[in-house]
Structures are given as structure tokens and as C-alpha cells.
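Right after this note come the structures.
One chain, subunit A, appears in both complexes that follow, with subunit B as partner in the first and subunit C in the second.
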Partner chain A sequence: MDRFQNLLRRIGWAVLTIAFVIVLNFFLFRILPGDPARAGVHDPRLKKDAVEAIRVRFGLDKPVINCFDSLNPIKVGNCGVNPLDTQFFIYVKNLFIGEMGFSYHTNRPVTDILVERLWNTVLLIGAGQILSVIIGVLFGILAAWKARTSIDYSALTISLLVWSLPTFWLGIILLFWGSANGFPIGGKATPGMSSMPLSVRWGDIAQHMILPTITYTLVYMGEYMLIMRSSLLDVLSEDYILTAKAKGLSVFQILRDHALKNAMLPLVTVIAINLGFTVAGAIQIESVFSWPGLGGAIFEAVNRRDFPVLQGAFLLIAVAVIAANLIADLTYTYLDPRVKME
Partner chain B sequence: MNKKILYVIALIALVISACGGGGGTAPAGEEPSGQEGSGGTPSIVRIGWAGSPDTLNPGMAVLSESYTIFELVYDSMYELNMDGTFTLTLAESATVSDDRLVWTFKIRDGITFHDGQPLTAKDVAFSYNLYQSTEDYPWMGGYTSYFESVEATDANEVVITLTEAIPNIESQLVFLYVLPEHIWGSESAVEFDNVSMIGSGPFKMVEYAQSEFVHLAANKDHFLTPPNVDEAIFQTFENNDALVQAIKTGQVDMIMEMPATAVATLESEEAVEVFVGAPLSPTVTDIIFNQVLPENCPEGDGICTGHPALLDRNVRLALAHATDKQKIIDIIYLGNASPGLTLIPDGLGVWYNSSLADYEFDLAKAAQILDDNGYVDADGDGIRDMPDGSRSLTFRVNWPSDSVDGPRLAELLSEMWGALGIKTELQSMDPDALTAVCCPAFDFDVMLWGWGSDPDPNLLLSVMTSAEITTGSSETGYSNTEYDELYAQQAVEPDFEKRKELVWKMQEMVHDDVVYIIPYYDPNIQAYRSDRFTGWITGQPKLELSDPSSLTIIEPVK
Partner chain C sequence: MTELALKTAAPPASSYMLDFWRKLNKNRMGLVGLGMLVVITLVAIFAPAISPYDPSSTSGVGASDIYQPPSAEHLFGTDDAGTDVFTNFIYGSRVSLTVGFFAAFISIAVGGALGIIAGFFGGRWENFIMRLTDVMLVIPDLPLIVVIVALTKPGLLNIIFVIGLIGWTTTARVVRSQTLAVKSRKFVLRARAIGAGRGHIIWRHILPLVMPILVVQAVLVVSLAVLNESTLAFLGLSDPTKVSWGQMLNYAFGRGAMSTGAWWALVAPGFGIVWVVLGLTLLGQGLEQVLNPRLDTHHLMPGRPNVKKEAEVRSDNAKLVLEVRNLSVDYISEGKPPAHAIENVGFTLKQGELLGLVGESGCGKTTLMLGLLRLLPQAGQVVNGSVFFGGKDLTMLSEEEMNTIRWSGISIIFQGAMNALNPVRTVSDQIGEAITKHMPSFPKEKLQGRITELLDLVGIASDHKDSFPHQYSGGMRQRAMIAMALACNPQVVIADEPTTALDVMVQAQILELLSELRRKLGLAVIFVTHDLGVVAEMCDRVLVMYGGVTAEYANVDTVYNDARHPYTQELLKAFPDLTKPKKKLSSIPGYPPRLDALPPGCRFAPRCPAAFERCQIEQPAIHAVAGDSNHVASCHLVEATK
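Up next is the complex of A and B:
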């Protein structure tokens, strides 16, 4: 019962955080300079009437917030307007009914754009995460078990090296290498294959994923390896490991039954945080390999003052990060029952 | 014992390589470019570009990438040729009344849309009226502003009545694509995403994936220019290195843009041909001087904080003499651009006043001009001062933060003008913030920006008229009643030669007054693979390999 209440409290905090993000998101983009109705377009053909019509269509002609006369001594916002007819209220109301509005730039529903891009990002970054976790953890285990041998030192050197490589640089190098070796270097699929059978299309997507996935895996596996190694080293120096060894257990048994569960704790935190940010995509990798993911969408939206897309994307990222952290907390209690949810 | 771990690693390595290998072998017949046109395999031309259309709704589109696709999928009344002239396409004849106010177009018989429905005069009138009446369309208002009425008098005849006897109806109609009324009639003009894109042009839409690709198929039944190729695919590469690498390795057959730094690399490739030319819609990079006079400062919007020295033509002239355009071009475009004169670019062909002699780069002369007019360093701090000593010649220089060349241009100007004893304060600004200080606020000294041009000079000539000071189109605040009169005259001068004379005279005036310094006209740098397709249109005043003029006639290399 205590545990259940704690869980509820956690979820409550998560919901509150999301509510805060919703409010912050709205004001964050509106204190930026610039007029989304013009979106940086400077052209004599863009008539005042057209700008005005665009403003009305996106509700930008409405007051941003009501000033709430009685509550607000400094009178921020527009006073004397109907609070239900402000941009802020309409924004919150639409969110509750699942409406994120239309992109200023492409004129498409934000939900459509985000869903399309999210799927691409999850595909790419998901594959990269899984690979980097597996490889990183395995190398970490190997290095820790073989601590202070040449295996350890080489694993350590490689991990530090790949971890410190700039992502875009590694991406460009792989792009040059890959294009010379016949790998596709742009996009997520070869255009014009929509009539092909599904298996062929998936094969094509897999081929397009190779270079960006290698880039992602290389960059992240070093981090996981280093954390795994140091945390496992700590555990392996414990007395109970010595006891296990004395009992004549095999390496596999010691690692599986005694060491790994404890050593995994710090890694779970890092993986959870990284998974949360996975949703944001990897802007650098996505732009090097022209991968149509969320990172690219955010980058483009920033350039074009596309507030609805930015609001939607930021909300999505916030929810993902908060959810990932919540899951990490829950996983903690499973991995180590001593950890109580405070 | 440790072997077990090694086994696991080996197993995982195997799985990974199997995944990679599986991906590598799965797609059957996946030649990056199917260039064999004969024997069943369709000939597909693959084009790489750095952008993607913003929307396929012709009224709503802002980006030039959208227009590239519209040109291929739709027809309009006129087609713009690579030498800057126009060809009548949809109509077999165009006649104009004596007062030049009523135009009658006879639409050709037997033109059909991609869905098989006939294209008639009704569709033309419907489209023009839609463009004119939809206020939300950002560009269309400008092209339809002279329409009094547009009517389909019968199935083949469209009558356009104008409010003014404009001499350039072609350039007004060239971007007004004809839409099928049977589809658009029942859609919301603003919200319709038009992804199925039924047009009548030489190519038809197959599939569109935003920010990924546009897949077009040939319309072999096109009434004028049925393409030789079977399909055309535009693929987006978000970075230039990938674009260059894609053509080098044959993943694409043509690229529509590339950085000047890649020209030498690609020229050394045997199968790649690189071309530099004026874009279809030329763009101008300009150095803008705030020269709005206090009495012209827009009421309400105007802040007008420009440096008083810039009101003096002598100071602007000295700056022009101190600007080494060739050096700027050599550094920014590695020599692949032409030096500019006025806002009217050489890409506009006959409208460009090629008789003007530019101010030569001569630092001594520039210094002499400033000395003669009293702009000397009075307080000995190394910076010249106003003749009355009230303030030093320190200019704010701003440019849009999304400009790739802006920072380098600013640095170069700072160095060149610095040698003259003029101080510059360089700062890039967000494009919106720049618009806010620009015009009609006039809250700046010098700005580095640019213009995109219509095929007709009227648009860019209008930018320098007094009437535009309050609207925000005039970025200099230049005001010259003689110029304004000439502008009004050329806007209604029906005789081509006479109009050309007026347009040339106007360029001479703004060049004499040093309204702007134009460092260069932006080039279009494109490349194609000579081992894939042949017949690309090059060697014309304008260069656009993605234009229907090229894409409809290219053929696979035998």
C-alpha cells in the first residue's frame, strides 16, 4: 500500500512537470523576437494584407494572455480582453483535445508531422541505442573482469577515443567511406520504391540505416563501456564476490548471479536518460545522413519560427524524458529492492 | 571460462554483420540509377537538392523548391525560357485590345489533366480568380494585382481585363499555374495539401515524402513537351558534403546546388560536368545604406537612427571605391560569380544595363573623396570623423544570421573600409529581428542582405521608389522624384525598346547615387553526370537543369 502511494506520488509529480512544460513552452517561443507570419520572408511581393490574413488564420491576431487585473499588479498581458479568447487559453484547450495546430511553414497538422518523424527517429536511434548498450556493456564486463591487462587497456582506449570523437566529424568520415563503398548516404529509403514488396522496402531501409547506426553506436558505446567497467570493478572488489569465487563458481555464474545486477544500477540511469532524449533525435547524425527524424524537424522549425511544431516537439521530448526517468526509478526498485521510493 | 564471454561477443558481432549483410543484399535490382531506358527498365533521372518543397499547394508555397515542382507538374500561360524570353504555352494565341487593357487568350484544344479531364478556359479563369481572391496566398496577390476581371467567355477563350496597361503581362502570368477546377472547386483554397497534385504539365506526381523525396513520372501525352525520360526523382540531402559525394559516386545524376568550394573537386571528376550560371529567378546580394532623410522618416513605424554620414553621396561613393568586389568574389565564391552593379542583375538579360562602368577599386581615390569633403580624423583616434567633428564614422553593419556568406562578407568589408579609416561594428541578427530594425523602422546604418528577382525588372525597381519607404519594401529610404516618375512611366510603357531605355536610365541613376553597393550576383552552381543522361541545356544566360526545358529533352546515354 505504501509502495502504491509512492508510485502515485511519483506519477503526480511527473504530470505536474509536464503541465509546467506546457506553460513554459508557450511563453518560451513567444518571447523570441520575430514575427511568425513573416517567418523571415523579406520580399516586396509579400503584401500587408497577406501577412494580416496569415495572422488571422493562425490566431496570431488574438491577445497572447489576459492580464488578470485583480491578481497581477504589474499588469503583464492585455487587460480587458476575454480570457477565453487569448492565444494561451486556445493553446491549452486544444492540447486537451489532442490538437496541436497546424505548422506555419508546411501548413500540415503538427500531429501528422511529429508522428511521421518520431517513427523514423525511434527506428534509427532505437537501433543505435540497443547496439551501443549491448556492445558497451559487453566490453565493459570484459574490461572489468580482465582489469589491468592489455584487453582492459585496449577496450579503455577505444572507448575513450570513440566517446570523444565529435559526432558530425565521425559521421562525415563514415559518409565519405560509405559512399565510396556503395552504401546509401541520404534519407531513409531509396525514393520510388513504394510499389516494391514489403521485404524489399525493409531491406532498403536497413541499408540506409547502416551508416547512421554505426555512427550512433560508436559514439554512445564508449560511454556505456566506461560506466559498466567502473561500476563492475567496484562490485568485483566486494567480499561476497571473493566468497563466490571461493565457492568455486564459474565466471559466468559470478557475473550473472552476484555482480551484474548490482553493477547495472548506474548504467540504468544513464540509459534511461539517453532513451528519453532519443526522442529528440540526434540532430547531428540526422543532418549528416539526411535522416528525416525529429531532430531535423526541430532544427527546421527553429529556423522558420514554426511555433506549433516546436511546441509539439518540445512537449513530446519532455514527456519522453519524464517517462523514461519514471521507468528508471521503477526499474531501480526491481534491480535493488533496498532502494525505496522516497 | 572467459571464452564464454568471447563467444557472446562473437555471436553479437555475427548478428550485427548479418543485419548489415542482409540489408546489403536484400533489395533486388537496386541500381542507384536505372539509366537503361530501353528494354523495359524505365529511365529514371535522379536529382539531388538540399531542400524540399514547403507545400504542394501553389498558392501557399513560399520556397523555390516548391516552384521547381510546380513548373514540372503544372502548365501556365507562358513558359520562361533560359534566355529570359517567354513562350506562349497553354494558349495558341494572345491578343490585346488597343488600349492594352483587355487580353484574350485562345486556349489550345485537347489539353488534358493527368486524371484525363480536359483543361479548358474555365479552369484557367477559375485558377486566376482563386489566386486573386485568396488573401492568405503570400505571393499571388502581387501577380494578380492588375486584374480587373478574368472570365472564360467560352470553352477555349479567356479574357483578362486589366486595371492598368502594364507592359509585362507575361511575367505576371508565368507563375500562375492552371489548376483543375473539378478538384480545387470543392477544396479549401488554404488548407488543401494537394499531395495528389493533378496538373497538366510534362510530369505527374507519383509520390511525395516531405523532406525526403519527390517522385514524378513522365506525362508522355503532354501537348508540347512530352519528356524522353520515364521518371524523375528529387532527393533531399540535408548537407552539402553528402550532395557532392552523391553525384561523385553516382547515387544521383544531377545536383541542383553545391558550395563553391566543391567546384574544383567535381571538375576533376571525369564523368561530372559542373556549370555556373544565373539562376532562373536571379538573386542579388546587396550592401544597404540607410539614407532615409529625416523628413521622409515613416510616421509611427520609423525610428530612423541611421548615421548622418551615409546621407552624403560622397561617403557612399568613397565606400564603393574602397570595396574590392573581385576579392570578395574570389574569397566567397572562389571566383564563380559576377560583380554586381545595381539591383537589376545580369540574369535579367536585356533589362540589365551592361553599359554602366562600375566604380573602380581605388583606396587612394576613396580617401581623397573623404578628405576633400571634410571627413578627416580630427581627434587622432585613427577613425575619420564628421566634418563638424560631432561623431566618428563608425557604422553598424548587420546581416541575417541564416546567411552563409554574411559573416565573411562583413569581415571583408570591415577590413576594406577599415583601411579607409572607417570603423564598423559587425553583428549578425535573426532575420526577423533584422526585418524589425530594417524597414520601415530604418534603425540601422549598413545591412547585408539580398533580393530574389522576378523575370521582369519591375519588382526590384519598385524597391527604390519613394512610395515604398512607408511599406517596408524600401530598405534604403532612397527618395528621388525623377526616379519615381521614370518608374511610373516604365510600368505602363508598351513599347519594348522605349521601356528598356527607361529601365536602363533608372539603373544609371541609382548607380550614380550609390544607393546600394552590389558586391555580386549570386550564381547557380549545378552539376550533372555525363555518363547517365545527355541533352542538358547549358550555355544559356540562365542555368537551371531542373527546369522542364532540360528535364523533358534529356535522354539516357546509349
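Up next is the complex of A and C:
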């Protein structure tokens, strides 16, 4: 029962956070001078009735929320408006039916653009995350086990160095090197591949993924290594490791059966907290490698001042990170018997 | 991170930072980082003097000046507009450092203030601030920064404020927990008790103790701000009037440096960012090490090899299960002479015998036990002596051979089973593990039955078998530990203060259990304790240790009625005797000697009521007491009576 309540509480917080992000997103794009329609409305070349038409089309003729016609806090508007007929309510309602407006640039629905790009980002982040966790954890184990030896010191140095590399710059350098050595120069697939058999297409995509994934792995493995190292060092100095040693278990058995699970637990939380940073990495990597993902969408939207896409991409990323955090949180609860009891 | 290594009393406000600085001076990693930052800061300040060209002199450049490779004229070549990359590199440091430091200042000020408020005032404020922090923490930083900067104008001030106002969350968390830890310190409580104002307490008492952690946090926040700024600039969101490293990369990457092969335009600005961030990272690591010094040692580090010696022949007494002869253990730390933790301690153990090992804390009892099982921490080394068990000298075995003897031959119950059991594995699992390790042929289907039987032996019902250690009470855990120690039918069980930290009733139960098991299973037990009452009740023989040496070793009756070593006599005086209720109890003044400052003569001499001149200069050997072949003591007085 306790566990069920715990689950509900956590889901409740995630929903509340998402609500906060939705409200933030709504007001950010209305307070700051980036409202798609308003930007258009201010175009001096437009005739007055055309402006009015745009305002109606984007719902800008409606009050923002109850009591406020505009976002001018001094100017109190009509409080007797039907709350269902405000900009905010329409915005939220549209979100629920998956409607996020139209791209300023291509005039396609933002939802369509983002959904196809979401999977590309998931593919890239997934591959990079798995690789960096595996490599980071392995090196972390090695460094902790061989603490205060030259193995440990070199692993530490390498991870501090890669941690300090700006993701986009590492990407640029790898791309510079790769393009001279026969790697694809960017994108997700070679043009004209759609007519080829599936296996060839997948091979092509895999080839395009090599450099972005290496960038991703290098950037994030350092942090995982540092965390795994210190977490394992903590565990290995616990009394129960001495017990395990006194039981006559070999070093390998102790690491496998007594240390790793305990040391991996904090890592689950870190991976979750890291997802926010991970997205930051994805924006940079996708921008450098022209990878058609959400991060790339943000890059393009910024450069084209395509605000509807920017707004949608931000919302989608934030919701995805919050959801992933929730999942990691619940996984942790499931993995650690001590949390279950609380 | 929560607990600082600073535990002094009332603080003069500046002394913490001074102390901090002094320690940092000894940290190589931190100093290298600091040096790197000083260099780049000087470069930024003296940019006009260092750079060969004016940063704004882009006009009047011909097409032939674009993307020129490095030369004497242009040290780092030229970029897409024909300007000198070296000049831009120098000036670029200004933007990075400005944004980094000012944004971090905002983050630290906001986060620090919120953290202190939450930690100090608690209640509704804390609730609200921490909830807000939780929410902000899961919203991805960079996308939010990008969105806000893209919507507003990407001016320098704008960027500083946006990065600064979004990056405070971790600081608030860290500062809050530190404030909570500091708040309950004695001098803060005292200041509150004498009615000091809240502002005064925060300013004079809390802030100085939060400061070091704030400094570490600041270094981290600066590096994140620098990375965020350069990423923004690379994405095209930078002040167009100010050249920055990220902006240089944006231009070079977007305007053909890749296709023209102009690596210099790409490498130089990236190098600048790496230099700053690496400098900050090293400094941060150094500060962290100063604040939370950790030894980085653990139980799996290879121990020091035992000092080589000739194989000894064990004595020919077939009844002896265990014979420890002249065992000496040193603790070795770099730059110091080895500390003699155990010197020439010996004892024997017959089948079914219960040996009591007594002495104050710090007298080497646990070290002796770990030494004979070869479980010493990395600094420990067996420098002399032998341990005979089952016809073998344990000090001569390889680690693999030793592993077969541990637990199946000699098992150990550690003091404080609280942490001696793995918290994430069930009790039955941990008991079963020992059985499968040492009895590979044990039939699998009988394993659970055997575990139930063992737990039954120590009085734990089988329905608690598959529970986790934290679901047990302290006494149950200790009993589970005993069950585990018995799992492989060992000949010797070492019980290292098995009842400390348990309440008296449970203590009695555990002790009762141990002596019953000894009778039932014919175990030989070494019982480490400071409780002389328990020893009198249970043991056959007693080994009294003091300062790492044998003080006295005799049958239990002899020790109680005819103790010869002054230390034993003093210990007995400090212990209530029910048969002589009028007897006055007395304690021994002073403490056992520190290992790094052992007295030159007898180790007990400084506290000994009977010490005479010889005791101060000469360490007594172990002498047999006349008339009792089983009684030895290391005291010059004993020698005299011979």
C-alpha cells in the first residue's frame, strides 16, 4: 500500500511539473516578443483587415486569461468572459488534441514535424547513452578496484578532460576528421536511399550514426566513470565487503555479487538527472551533424526564428525529460529494497 | 557533501577561508587549475596589449585574405572574414569569462540565499523553495535558455541574466543541506540561546561555514555557464557586436571552414573553451578534495605481502586447533616510520576452548584477529610470526589457498552487524552464498533446508528467512551473522565484540547462544570484548592485551584470583564484583598509547601505579609465572619474582 501511495505521489509531482512547464511555455511566448502571430501583426506591410484576419486565425482577439485581455497587468480586462473562450484555455485544449500550431517556415503542423524527429533523437540518445554508460561503468569499476594506481590516475585524467570538452566542438573536430576519412558528412541517410532494400538502408543509417554516437559517448562517459568510481569506492569500504572477503569469496565474486548492484544504484538517479544535460548534448550534436532530431529542430528554428516549432520542441523535450525522470525514479524504488520499505 | 571536515568550535569568520586556502596550496590538481585560470584571466584583461590587430579591423580585406593558414603574420591564420584568428581568440576570452563569472555570481547569490533561507528558517519557506527547486531541476536547462534568449535579444546582459537565473538550482540544494548541518552545531545553538538576532547568526555563524561549499559550487557553476554561453553562441545566439569563442565557431562552421579545410579557425576557439573549462574542473576537483578528503582505500586493495621468513614447524600438540606464534603487525603509511600495532603476540586454542581476548579499545584486539585471517587493511602488514591452522602456516599461503580456509575453517562475527550484512541481498541469500562457495557438492535442493536449520539454531523463525537485513532488529541481525558464521561448520569462530551496540537483554541472549553452540558443536571460540564479567562467566582462558602486546595470558580463574600484570589488576579493579559489593571501583587514568607515539619502555609504564625506573627504558619480555605453566605476563615485576 505504501508503495502504491509512493507511486501515486511521484506521478502526481511529474504531472504538476508538466503543468508548470505548459504554463511557463504559454506565458514565455506571450510576454516575450516572440509570439508568432504578434510578430506577423507588427509587419508594417500588412493591411489592417489582414492583421485582423491573422489575429482571429491565431485566436489573438480573445482575452489571454480571465480578467486580462492582454498581458498588461495594469489594464484589467473583462472578468466575465467565458473561461473556455480564453487564449490560455484554447492553448491547453489544443495541446490535449496534439495541436501545436503551424511552422512559420514550412507551414506544416508542428506536431507532425516534431513527431518524426522525436524518434531520430531517441535513436541517437539511446545509442549514445547506452554506450557511454557501459564504457563509463567499466572504466569506473577498473579505476575504483585499482584505486591509487596508474590505471586509476589515467582514467581520472581522461574523464576530467572529456568532461571539459564542449560537445559541439568535439563534434566539429570529429566531423572534420571524419569527412576527410570517408565518413558521411552529416544527416541521417544518404540521399536516394529510399529505393534500396531495408538492410542497406539500415546499414547506411548506422554509418551516419557512427560519428555522432562517438561524440556523445566520449562526452558523457567521463562523468559516468567518475560517479561509478566514487560510488564503488564507497561501497568497497563498507563493512559488508570485509564480511564477503572473510567468507573467502574471490575478488571477482565480491565485485560481482556484493559491490556492483549497490554501487550502480546511485548511478540510476544520476542517469535520470543527466537526461536534461543529455538533451543539451543532443541539441549540439544534432546541429553539428545535421541529424534530423529535436535538437536539430531547435537549432533550425532558432536560426529561422520559427517560433511555433521552437515552442513545441521545448515542450516536447521538457515533457520527455520529466517522464524519463519519473521512470528512473520508479526504477530506483524497484531496485533498492531499502526504499521499498519507506 | 553535507558534512564538512571542519569541526572546530566557535569560528573567527575568516579563519575557515584561510585554512581552506592553506590546504588548497598543497593540492597539485587545484593549483594547476588555478594557474590555468589566472593565465586566461590575464590574457582577457590585457587583450589590447597582447593582440597584434584591432578586433574591429575587418574592413578593407580582400578575398585573398580569407581563411589564410597560420603564418608569421597571422599566428592562428585568418577566418571567413579575413580577420586574424589570434586576435579574435584573445578578445573572445573576455566574453567567456565575463558571462561565466557574472552569470555564476547571479546563480550563486540566488541559490545561496534560497538555500540558506530554506535551511535556516525551515517550515513553509523550505517547503516552497525545495518544491520549486525540484520542479526547476527536471526542466532541461539549455533548451529553456535557448528559448528565452531566442525570444529576447541575444545581448551580453541578457545572456548573463538568463544563464544566471536558470542555473541556481543545484546550489540551493547543496547550500540548504549544509545550512541544516551547520544549524545544529553547538556554537550556533549557543548564539541563539543568548538571543543573537537571525541576521547576525546567519552572517557571523552560518555563512562562514557555508562559504567553502559555496566556493566549490561556484567553480562548477562558472564552468557550466561558460559551456552554456559558448553553446548559445555556436547555435547563433550571441551578441553580434562582441566576438566570442562560440561565435567564432558558429561563423567558421557555418561559413565554409569545413569545406576549405581551415582547421585553424575551428581549433583555436575550441581550445580556448577547453582551457577555461578544464582549468575550472581541475580547480573544482582540487577544492572538493580539500573539503572532503578521502583516502581512496578499500577492502579489495591487494594487501602488503607478509615479510619473508623461514618456514617454522608447528608444535606437536594434536589437540591444538589454532596456534598463533609471535605475530607482529605494522601499519605503514608513507613518509612515517611503521607503527607497531601488534608485537609478538601468541596464543593457542584447543578444540572446544573459549578464549577471551580483553583490553581497552585501541589495544590491537581487532588487528590481531584481522591479521591472523589476513584481512588487514592495505596499510597493515604481518612482519613476523606464524599462524598454524590445520597443519598449515596461514601466513605462508597464497590468497587462493587462504580463501578456502576463511569461513570454512575460521569464521568471524564482526562487531556491529549493522553494516556487516549486505543491505541489498536477503539474509538467506547471503548465508547460502557461503555454503555454495565452500561446499560446492552440497545438494542444491537441500540448501534452503540447511539455511532454515541454521537460522533455527540462532532462534530466527523461518518466515524471516528471505527478509533483507534492514527489516531485522539489531539483535536479529547479530544472530543472523552468527548463523552465517556457522554455515560451513568451521572449527574456529572469532566473535569480535558481537554484543556492543546491543541492549543488555539481547546481549545476554547472544552470549547464552554462543556458549550453548560451543557446547553443542564443539567449536573453538575467540571472544573479543572489554566486558570482564562476560569473560569470567564464559571463558576458559584469557588473553589480556595492552598497546599491541600481550600483558597477561592465563586460565580464567588465575586471572581473576592471581593476576600478575598491573594492567590486569587495574582492569579488575575497574570492574564490579558481586561477591564483594563494598569494594570501591576505580578507573585507570589516561588512555592506551597511540601507535605513532609508543613509550620507549613498557607500554603500560605511563599509567602503571607500580612502575619503576627500568619500566621507562626497557620493554619487558613475556615471562612465565613461577608455578603455573599456563600463566605468562610481560612485566619486569614478574621476572623479579621468579
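The rule we apply is simple: the second predicted complex is superposed on the first by the 275 of 342 C-alpha atoms of A that agree within 3 Å, B and C clash if a C-alpha of one lies under 4 Å from a C-alpha of the other, contacts with A are read in each partner's own complex, and residues count from 1 in each chain.
Here, a contact is a pair of C-beta atoms (placed from the backbone, for glycine too) under 8 Å apart; a residue touches a chain by one contact, two chains touch by 3 or more.
Quantities reported herein were computed from a predicted structural model and do not represent experimental measurements.
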Contacts of A:Gly12 with subunit B and subunit C, given as first, second, both or neither: neither
Touched partner set for A:Leu175, first subunit B, second subunit C, both or neither: both
Partner chain(s) touched by A:Leu233 [first = subunit B, second = subunit C, both, neither]: second
Contacts of A:Pro337 with subunit B and subunit C, given as first, second, both or neither: second
Which superposed partner A:Trp145 touches (first subunit B, second subunit C, both, neither): both
Touching partner for A:Ser287 - first (subunit B), second (subunit C), both, neither: both
Contacts of A:Val251 with subunit B and subunit C, given as first, second, both or neither: both
Touching partner for A:Asn303 - first (subunit B), second (subunit C), both, neither: both
Subunit B/subunit C common contact set on subunit A: 32-34, 145, 172, 175-176, 179-180, 185, 250-251, 287-288, 303, 305
In the complex with subunit B, residue positions of subunit A that touch it: 32-35, 38-50, 52-54, 57, 102, 105-108, 113, 116, 131, 134-135, 138-139, 141-142, 145-146, 172, 175-176, 179-180, 182, 184-194, 196, 199-200, 202-204, 206-207, 209-210, 250-252, 286-290, 292, 296-297, 300, 303, 305
Of subunit C, residues touching subunit A in the complex: 134-135, 137-144, 146-148, 150-152, 223, 227, 230-231, 234-237, 249, 253, 258, 261, 263, 266-267, 269-270, 273-274, 277-278, 281-282, 285, 294, 296-301, 373, 375, 400, 402-408, 411-412, 414, 416, 418-425, 433-434, 437-438, 468, 470-471, 484
Footprint of subunit A on subunit B - complex, ascending: 1-2, 4-5, 8-9, 12, 16, 19-20, 22-28, 30, 32, 44, 46, 48, 54-55, 57, 60, 62, 135-139, 141-143, 190-191, 193, 206-207, 209-215, 231, 233-239, 241-242, 245-246, 248-249, 251, 400, 402, 430-433, 435-436, 438, 449, 451-452, 454, 459, 462-463, 468, 471, 473
Interfacial residue positions of subunit A with respect to subunit C in the complex: 13, 16-17, 20-21, 24, 28-29, 32-34, 144-145, 147-148, 160-161, 163-169, 172-173, 175-176, 179-180, 185, 233, 236-251, 253-255, 257-259, 261-262, 265, 273, 275-277, 279-280, 283-284, 287-288, 298-299, 301-303, 305, 307, 310-311, 313-314, 317-318, 321-322, 325, 336-338, 341
